[in-house]
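We just call them A, B, C and D in the order they show up, numbering each chain from 1.
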């Protein structure tokens, strides 16, 4: 199989570490270059305060972290960016201009007209927007964004609902894990034995991004989907795994069993292409009465953390509405995993060729 | 002022202890008789594993716990019941039959036609149902129920919304504290670093009880309010304080500022009567961007734990809908406090006379 | 390789579930019979409320739970007991009498003269006590105990210290995980945002058992080791992993580097015999300044959860004393793992032949 | 009574807020000036992210935060410093030089020969060191330090043990609350469902400071107490309240009952002088088998948070040693409370006169 080499921006942070773990032993993407800000010049093993139980892969730990400059990525086929939003806004276009295919997790460019915002199972059809992008920007490379961690699980569940039953409106409440705030992130003093009913800018992102992802490709931009969406975002004392309650209204009657079947059978391009990071079943409906639970279900599925787990599918106020609870792993499916899956999809579709 | 003496059923449990604390120094209700099951015969101080930081009042600690029998309550003007539901179903009617005015926190009788389900600020008009009750049951005493802990805060907020703006439908997600499950309650193994997206029978209770409380008195029963309600109940790792996100749709336009004003100005019979356990402001809208929070706001207000704290009032999907977050202390406003306030109201209205 | 079949008493509880997980895919022990009390007659998959993220192995889930009677274990080569102490006291001798080799995790028989209390790396030399046991009791089978979960990690660290440097006295403080209390175990109401500085009977067990394990085989019983030991046991809000601080005094000077080397090089019979559940390195000294930490290090080592992780080795009050912190996984190394390793050792040494 | 006015350095931080709360309604100390770094120029109510459930006193919230300069404290009788250590090292001497009596919580100057390190109940006799200090430094004002939060509870318990029974050595393990790390302090990602067995520089501070506090006044400096001390400091997921296990060896026999009596009867200068922040009983021995617990006992006593709660007094390895568990509120007794009590003592002894 054709091999691809990658550079990683923001490599030492919490999300950057997820990329390092997930790309270890990847069948055709090799993480070649690690970049960082203050940590540039140090060995990766010293620069990254390793946050997960398993240790950093030894060959990566020995690599030197390079300064975040396009010339340091020379020879790489793609560039993953785990940069925080401000840095991403400044830096990512330079890489795209210099000819790199950038896959970014930052919010900085997600809502730009010419930037595809992609979940491989949901809207692979948005990738061709890259052509417009190149034309408009004059970039030799490209910039593809992946969505906010709360959006990913939600949009994956909304996609088959929209396709199967249409969708009038949804009301969502999220209970989000602390790892979504990065590191150092949420002070323990604020979240211990508590819930914080607000996450800055999060609700706007969820509304805008999910409509874009579920929209259709127009002439020069995505025409967003038109269903109504209301959301309340909350931070809860959980380490990993965003839980969301979803109430959805449809133009006609829907039964919980039809919804369950539709969700369980949902498949996308990654499954058809058997991409290495694609879970066999992107959405798994759990039959347990009190599931999904973050601690028990966040790593469910054939590729741990890549499946969205749904439970408690039931009617809502009446027969035209349903309620359910969904869980997705915020730093895997909601971040590094979706970005890597996007890279795999782009490779399969010929977007990464040089 | 006229003095009343009270008996307490289920006195040694977690909620029973709240009654003991709150009735300590009460201006006109004196807790005279403590009843229990297995603990009957022991001193209260030995029988009750005291769960809060402050200690049990000394005179109460010295009292002997009596067996749960009507004859042991002789001379009491009212009987508070903090019994679990099954025991309540069996035992409470015996006390009402024997002539006692029972105020019960159990779910056992809440939905019976002839039982008023009361939040003093919301539906004092339901109390006269007691006459029907006596006629139908032949009881010399009475049985008044207080609602489920998740309902109380919700119904208090819905009341002024319904009166002020009408109400088509509401979608609610609760994040409930572990103390709502009593003691020993939720095993730490299940809830630590986790959220449990299900609480047995809770969602049905919220839907049924809130419509009854907000209903109007019909000939022989309450005619429930007719708005639509969908709810998802979750358990979170918080000790006290139920947080709820509320999405509400109205027949016409509503502005966040009008809702805020309406909620802040809401007053009920307890405030007019200046009852001792009535908070000056039953609903307090917090202006903080990230409030209410259980750990910071659960004891807010002039009577700690008796005010519902609301925050994040904003429009929902469109101008006909709003969203907000509310918090109420589940073992004070959601249990002992509302029961005691009900007793005070009944005293003021002449229901406790012998 | 010779295959052995096993029965499991107390199979549906929290620790029972660990056996089921660890024996899945075992190279030569096959879990054949699952026993239970109230759950007898049900399918295992329904009877056991599965507590870990991974699911119960399917073939096990389909098995019927049998009543806890020796005749139901017929044909098994060994019997693992994850029974609580009282049940163990009653039941285990019946199995031993009936000819089964019982490996018990319960405290019931640990301190009996004729019962070897074994950690395979520490005191395999105690196993021959089984001969005395059979003579004295007339049992055809045998009963071997494994130690309390707090003792296991401690005794493993004390063994090389005792052999290498002698040992005058040790002062230990434990910070124990909630899973050590089984299920439902510790109510969340008691342990959330708290530490409980007492665990019933635990301190006595640690003192007695560690001296027995480190003792030498006498004529009819073990002559316990004679060092002084003081311990304070605490429960902390951690799911798995007992952390212990150790202060130790020696007759002569000891250096942290000598202690580190001695601990890192410690090997026992399981390592020599390359038993399948034996970690390559029973004690791993972590170089991190702030390690070991329960959440990060409890699954360290070549067999996850079977290595004791030590850190912060430093001098104590003077050059004759040292201090260190140790961590062991309480339901793996401290329970199921040590029992399975004991079975492997007994198999290798011919104690399980029929 | 003579009134004193105070300035507060580091007023907006977590500990600064404790001073504000505790000095509200103080009978003779009025908090007049609030100083800050980045927050200078703002209203206190806006500058301080208020961390406790109760709100900031209104008159304080309205005050403007001033830059940290001696001239801004003009007219104040004393200066409390809640500055972090580096800032304290630079700034505090300037205030002392300018004629202010500074009471500092920072570690910066604690171990200086000429700085009294004071717990009012333990070593009021060290205050006269101020004379040496003035002579040596030429300051018109003075600088008195209060100890590290882990030391305070420990030294208070060691004082009566040392006086009553002598003391050969102590072995201590602390389980410290997150509030001890200030704000933002410990990231939730690190401490949730975890224990961190290391706190930077903490163990050295405990050893050095407790020996100084328990030492005797020599010619130009304190001659430290000579008992041996080994300590392991751990961070646990608790909000407030440092718990410590203590093992102590004595030259002769000691009984738990004698120790209990000695601790319960311990009194110091603040109790004799009936200072307003002095708890009636500085050390309270709790009789509960599983006490003290941080969440239940941290606010025990007549002045909430000012009493040290001790429990589980028992013999250690032999009759010459004892073990016990102690709890002290780290931001009250371990910080603001002890500083305010020190100010009260200095006022009573005439050190604050101008």
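Note that in this section contacts are C-beta pairs under 8 Å (C-beta built on N, C-alpha and C of every residue); 3 or more make two chains touch, one makes a residue touch a chain.
Source: prediction; values computed, not measured.
> When I count C-beta pairs in contact, which pair ends up with more: B-D or C-D?
When the contacts at B-D and C-D are counted, C-D has more.
> Centre to centre, using CA atoms, which chain is the farthest one from chain D?
Between chain D and the rest, the longest centre separation is with A.
> Quick one: report the Å distance separating chain B from chain C, using the average Cα coordinate of each chain.
Comparing mean C-alpha positions, chain C is 48 Å from chain B.
> Using Cα averages as centroids, what's the distance between chain B and chain D in whole Å?
Going by mean C-alpha positions, chain B sits 42 Å from chain D.
> Averaging only over C-alpha atoms, locate the centres of chain C and chain D and give their separation in whole Å.
Going by mean C-alpha positions, chain C sits 42 Å from chain D.
> What residues in chain D touch two or more of the other chains?
192-193, 237, 239, 295-296
> Please output the residues of chain C touching chain D within their complex, sorted ascending.
The touching residues are 169, 171, 173, 175, 192-198, 228-230, 232, 234, 236-239, 243, 245, 247, 289-296, 311-312, 316-318, 321, 323, 325.
> Per the contact definition, I'd like the list of chain A residues that touch chain D in the complex.
Listed in rising order, the residues are 14, 51, 178-179, 183-193, 237, 239.
> Enumerate the contact residues on chain B facing chain D in the complex.
Interface residues on chain B, with respect to chain D: 52-53, 192-193, 295-300.
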